[in-house]
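These are the structures in question, set out in turn.
Paired with chain B in one complex and with chain C in the other, chain A is shared by the two complexes that follow.
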Partner chain A sequence: MYKFNISEKLGAHRISVTILLLIPLIILFFASFLIGRYPISPPDVITVFISKILPVQSTLPPSLETVIFQIRLPRILAAMLVGASLSIAGAAFQGLFRNPLVAPDKLGVTAGAGFGAALAIILSLGAVMIQIAAFIGGLIAVTLTYLLSRTFKGTSMLTLVLTGIAVESFFAAMIALSKYVADPYLQLPTIVFWLLGSLASVNNQDLLMMGPPIIIGIIILLMVRWRINVLSMGEEEAQTMGVDTKKLQAIIIISCTVISASAVSICGIIGWIGLVIPHVARMIVGPDHKVLLPASIILGAFFLLLIDDISRTITSVEIPLGILTAIIGAPFFLYLLGKSKEVWS
Partner chain B sequence: MTPLLEIKNAQFSYNGKENIFENINFSVSNGDVFCILGANGTGKTTLIKCLNGLMRLDSGEVLLNNKNIYSLSHSEIAKNIGYIPQVHTSTFPFKVMDVVLMGRSPHLDIFESPSEKDYELAENSLKSLNIWHMKDKPYTEISGGEQQLVFIARVLAQEPSILILDEPTSHLDFGNQIRTLDIIEKLAKNGLSIIMSSHFPDHAFISANKVAIMKDKKFIDIGHPKKVINEFNMEQTYGINVKIVDVNGRKACIPLKIK
Partner chain C sequence: MVDRNRLLIISMIILGIIGVLGTYLAYNTPNSPQNGHITDMIGRNVAVPGEINRVASLSYSVTVQIFMLAPKKMIGWDSNRTEAANRYMPPQYSKLPVMGGGKKDANYESYLSQNPDIVFVGHGGSAEDVNRIQQKFGNLPLLDVEGDNNVTNITPSIKFMGTVLQEQNKSEELISFYNKVLQEVKPIANSIPDSEKKRVYYARDPTGLMTNPAGASHTQLIELCGGINVAQVPITKGSVGVSMEQVIKWNPDVIIASDSSFYNNIYSDPVWQNIKAVKEKQVYLVPNSPFNWFESPPGANVIIGIPWTAKVLYPERYTALDLKNLTKEFYSNFYHYNLTDEEVSNILISSGLKEF
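Let's turn to the complex of A and B:
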C-alpha cells in the first residue's frame, strides 16, 4: 500500500505511459527495414541483427547486409533522430516562450540553415560542405536574433520572438535571392529539393557528424526539463522561485538551436513536426515537462519515421518530407485546434 | 533582535528622472505582519519587487539577514523570501501538485528534479491548507480563491522565512478575503514574517501589527495600525472621508459617501 502511494506520488503512471509509447516505435523501427525496392523478409532482418550480436554464421547474401546496414539503418536512425530533435526542441521552446504557436524555427534557425545550404549550392560546394554551411547558417541566424534582441530595451521573451520573426524573414528573402541568382538547370533544382527536406541521401557519415551534437543537446534539455515547468510560469515568478532565468533561457536556446541546426543540416527543412508533436504529446501525458519532453522525443521519432516510410512507399519517386509532413500535419493540427480547449486553458 | 529584512533609504525610478519612491525605511522581524497601504499607482508593487530582487533600487539598501540582497543569487534570495504576485497569467494547465512542487526549485540544482522528500514537503503544505484533495486538478480550472491557496501552498513548500504578498485579497470574494487573512495570521504566528500590500485598511486592522501608508513617493506614516489608520491619514491617502469605528474591540474603517 505504502509502496503504491510512493509510485503514485512520483507520477510513475505517467512515466509508464511514456514507456508504453516506446512499443509502437520499436515495432515501426523493425518494420521499416522491410520497406524499399530491395525486398527483405522479416526473418532475414532478425537473422542479420542476431548474426551481428551473436557469433552465428549468417547464410544470407552480403548484399542484404549492405542494404540493411549501409542504406536502411542510417536512414531509419536519421528519421528518428531528426523527428525526436524537432519535437523536443518544439516542446522546450513552447515552454520557454509560454506560447503554443512557437516552433523550433521561430528564432530563425531553419531559415538561416536554408540560406547557408543555398549559398553552398550556388558556390558548387560538396555535400559535406552544404551540410556544414547549413549548420553554421542556422547558428548565425539565432545568434543574430539573440544579439539584436539584447540591444532593445527590456529583453523579454516576446522581444526575442519578434526579433526572431524579423531575422527569419530576412533569411527567407536571402534564400529567395539565392534561388533567383542560381543556375536554373543545375543549382536551382538542388536548392529547391534541399529546402523541401529529404532523408534519401543520408549515410552513416552524416549520422556520425550530426548525431553527437543532437544527442548532447537532447541530454541537456532532458536534464533541465523539470525547470522548464517553473520557467513557464513566467520569468518574474520563476526568479522568485530561485531560477536563474537568464542562464536557463540561454541553456535552452543554445541546446534547441544546436539540435535543430544539426537536424536541418542532415535532411533539409521539415516543418510541422516541432509544432504539432509537442501538442500531441501534451494531450497524451499532460503539460508537465518532466514527462512531456521524453514523450515528445518518442512521438517525434515515431512520426517522422512513419512519414519517411510513407514517402518511400506510396510512389516510385519519393515525395519530399517537407511536403508530406505538412499534408499530414496540417489537417491533424486543425483537428487538434478543434479540441484545443482541453489542451490550452 | 536584529531584523530579518531591513530597507534603508530606498529610492527607485524607472527613467532616472522621476522617482517612484524615495527615502523609504522599514524593517521586519520574525512574526511581523507588515502591511503597505496606498492609493492606486503609488508604487506599492514596484517597492515590493525591489524587496526580493526582481527590481533594483537606484540607491539605498535591502538587507536580508544583514546581507545586501543584490549580492545574493536568485536561489539564495528565494530560500528566504517567498513571493505571491498580484496577477498570475497561466499558460499550461499544470496539476496543483506540480505547481506546488515548483516551490522546491530554490532547493534544487539546475539539473535536478524533485525527489521524494520534495514530494513529501509539497504534500504537507497542501495538507496544511486543506487542499490535498485537489492535488490532481489542473490549477487553471479551480476558483480564484482555491488558486490563491495553491500559490500559498507553493510558497510554503519553498520554506522561506519571509513571505511577500502583493495585494493577496484583491481578486477574492468577501469570505475568501478574511480566510486568506486568517491564514496569513497563522503563518505569522508560526514565525514567518509577512509583508503585504493591500487596498483595504480594514485588512491591516485584522491581521497586521505594522502598517505603512505610501503617498507622494514616501511613507507618510508608519507604525501600529491603531495609530496609523486614523481618519486624517485615510482622508489624505484616498481623498474620501472615512469613519473609524470600534466593533467589540476591533477597529473598522468605514468609507463615507462623497457629498
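Let's turn to the complex of A and C:
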C-alpha cells in the first residue's frame, strides 16, 4: 500500500514534468515565426498575425503574409508533426519489441518509402507523386515484413524484427539501384537530397494530406499507451493479464507505420530522432509508457523544430535535416548519457 | 616405365598446345596492329589502332561529342535515355545499347563486350585516376578528354575529339558554329552595364528548390549571356538545396526551370507568386531533346543553349539573333535530325519563348 502511494505520487510528478516540457516547445513555436532567410522584423510579424485575425488594414507588402503563412507556418507545423511522429513511433516500437535499439524504420518503412520516392523521381512524376509513392512504398514494405514473418514458424517479435531487417536491406538495395540508373545530372542530386531529408518544399496541401493520418495514428497510440507497459513485460505475462497481445501488436504496428510513412513522405528520411528521442524522454520521465509517449511527442517536436530552424536560417543553402539531426543530436545525446543514471538495466 | 613414358608424351602435347595457343593469342591481341600513338589531354601517351571505327565513352559529355562528330562510329550510350529525350533522335542511334558508364563504377565488361577500338573518359581528374581505369580495360586504349564540360572554352576538347575520330572537318564545323554563336552573343552581353543585368535563378527538381550555384559548370550560360546567378553561396560546385524564403529574398528577374512539372505548376502555386520573375511571366523551361540545352551534362550540347539563354534573358537586345535558324542548323548538322518549321517552333514555344 505504501509502495503504491509512492508510485502514484511519482506518476503525478512525471505528468507535471511533461507539462513543464511543453513550455519550451510553445516558446520555440512562436520564436520560429520570427526567424528565416527573408528579413521580417518581429513587430511586422505580429502586425501580420493581428491583421489576419482582426479586420485591421496593414500597409505591409503582401509577400510578408506569404512568407509567414505559406512558408513558415507549414514548415513549423510539419517539423513538429514529423518530429513528434518519429519519436512516438520509436518509443512505441522500443516498448513493443522490448529492445532499446529499435527505431521506427526497423520494419522497412523508411527504406520502402525511399524506394517509392526514388522510383517516382526517376519516372519524372512530379512533386505530389513523389510524396504519394513514398507513402505507398513505406506501407508496402511493412506489409511485406508482416506477412512474411507470419509465414515463418516462430511468431515471436524477434522474427518480425529479423524479417524487417531483411526487407529493409532489400529496399535499401533497390534505392541504390535506382540511384545507379538515375540521370546523374538531373535526377541523382534530387534522390540524394530527398534521402537526406528536408522540409524546404512543405506546403499547406502536404499538411492537409499527411496531417490527418499522423494525428489519428498518434491518438490511437496514446489511447493504448498503458497497454504497452503490459506488453513490455513479455508476451506471456501480458496474455495472463487478459491483454489480446496479437491484436495490440497489430494496432501498434499499423499506427506506427502509417505515421512514420506519412512523416517520411513529407520530408524524406530523417534518422536519429526515432531512435534517440525516446531515450532522452526516458531519461527525463522514466520508462513508464503512460508518460513516456506524451513526453516523446513533445521532445521530438521540439528537437526537429529546433533543427529545422537552424537548417533554414544558418546559411543561404539548405542543410539537409538528416545531417543536422546527427551533427547536433549526437554530442547532445552523449552528454545526456554521461549525466544520467542507468535507465536500461 | 610405360606409365612414365605416357606421362611424358601427354605433358609434351599439353605444352605444345599451350605454346601454339600463346603465339596465336599474342598475334591476335587488339594492340598488335600498332599504327600510332596519341597523347591524350592529360598527357598520357596511348597506343591506338590505325583504324578507329568503334568508339564509346564513359562520360556523358564526351558521348555527346562522339554523337555530334561521328555518330556512325558510336557503339553505345553510357547512360539510359528517356522517351522524351529520344523525340528528336534518329531511331538508329536511340536504339544503341546502354553500357553503363561512370568513372569509378563503370560496367567495364559491358564496354569490352562491344569490342570498341578506343574508349574515352571525360574530365578525368588526374592521370593516376585515368590509369586506374585503364588497368580495367587492359590493352584497350583509353583516352582522357579535358574541358569537355567547360562551355566557356570547349574548343580544345572538340578539336581533340575531331583528330582522334578522324573527323576534322566536322569538328571544325562545330567549332565555327560555336564561335559564330559566341560572336553574336558575347559582345552584347559584355556591353550590358551591371545595373541592367538580369538576376537569374536556375530552378532544378520538381520542387524548384534545388539549384546550381554561381561558379558551377552547370550554370555557365547565365554569366556567359550577361546574367547574374542569384545563388551566390559559399558552395560553388554541384547542386544545393535552398529554402523558399531565400528564393523570395533573392527575388530573381528570370527563372530557368529544368523540370517540366515544376514549370507547369509555377504560375498557379501561391507561394511563387511573390517573385518578380513569376509576376512578370519570366519563367522558362530548358528544352531537353535529344540533349539538354542548359546543362545535364554541361558540354557541347549546350552550345545551342547559348543563343537560347540570350533570348530568354534579353529578347529586346538580341532581336538580330535568329534562334529558329540556328536551331535548325545545329540539329541538322550535329544532331543528324532535320527539324520541320513546326517542330522548331514547338521546341521554342514550349520553352516559354514568345519571340525567336
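As a convention for this text, the second predicted complex is superposed on the first by the 312 of 345 C-alpha atoms of A that agree within 3 Å, B and C clash if a C-alpha of one lies under 4 Å from a C-alpha of the other, contacts with A are read in each partner's own complex, and residues count from 1 in each chain.
Methods note: contacts are C-beta pairs under 8 Å (C-beta built on N, C-alpha and C of every residue); 3 or more make two chains touch, one makes a residue touch a chain.
Quantities reported herein were computed from a predicted structural model and do not represent experimental measurements.
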(message) Taking the superposition on A as described, I'd like to know which of chain B and chain C A:Leu186 touches: first, second, both or neither.
(response) second
(message) For A:Asn229, using the defined touch cut-off, is the partner it touches chain B, chain C, both, or neither? Pick first, second, both or neither.
(response) first
(message) Quick check on the superposed pair: does A:Pro39 touch chain B, chain C, both, or neither? Answer first, second, both or neither.
(response) second
(message) Just to be sure I read the superposition right, which of the two partners does A:Glu318 touch: chain B = first, chain C = second, or both, or neither?
(response) second
(message) Show me the residue ranges of chain B that touch chain A in the complex, using the header's touch definition.
(response) 49, 52-54, 73-79, 81-83, 85, 88-95, 98-99, 102-103, 105-108, 110-114, 116, 119, 123, 138, 140-141, 158
(request) Would you mind writing out the residues of chain C in touch with chain A in their complex? (result) 60, 79-80, 82, 84, 102, 105, 204-207, 209-210, 213, 218, 231-235, 238-246, 248-249, 258-262, 265, 269-271, 273-274, 292, 295-297
(message) If we count contacts the way the header does, which residues on chain A are in touch with chain B in the complex?
(response) 6, 9-10, 95, 98-99, 223-227, 229-230, 232-234, 236-245, 247-248, 251, 282, 286-288, 290, 343-345
(request) Write out the stretch or stretches of chain A touching chain C in their complex. (result) 36-39, 62-63, 66-67, 70-72, 121, 124-127, 130, 180-181, 183-186, 189-190, 193, 198, 200-201, 203, 312, 315-318, 320
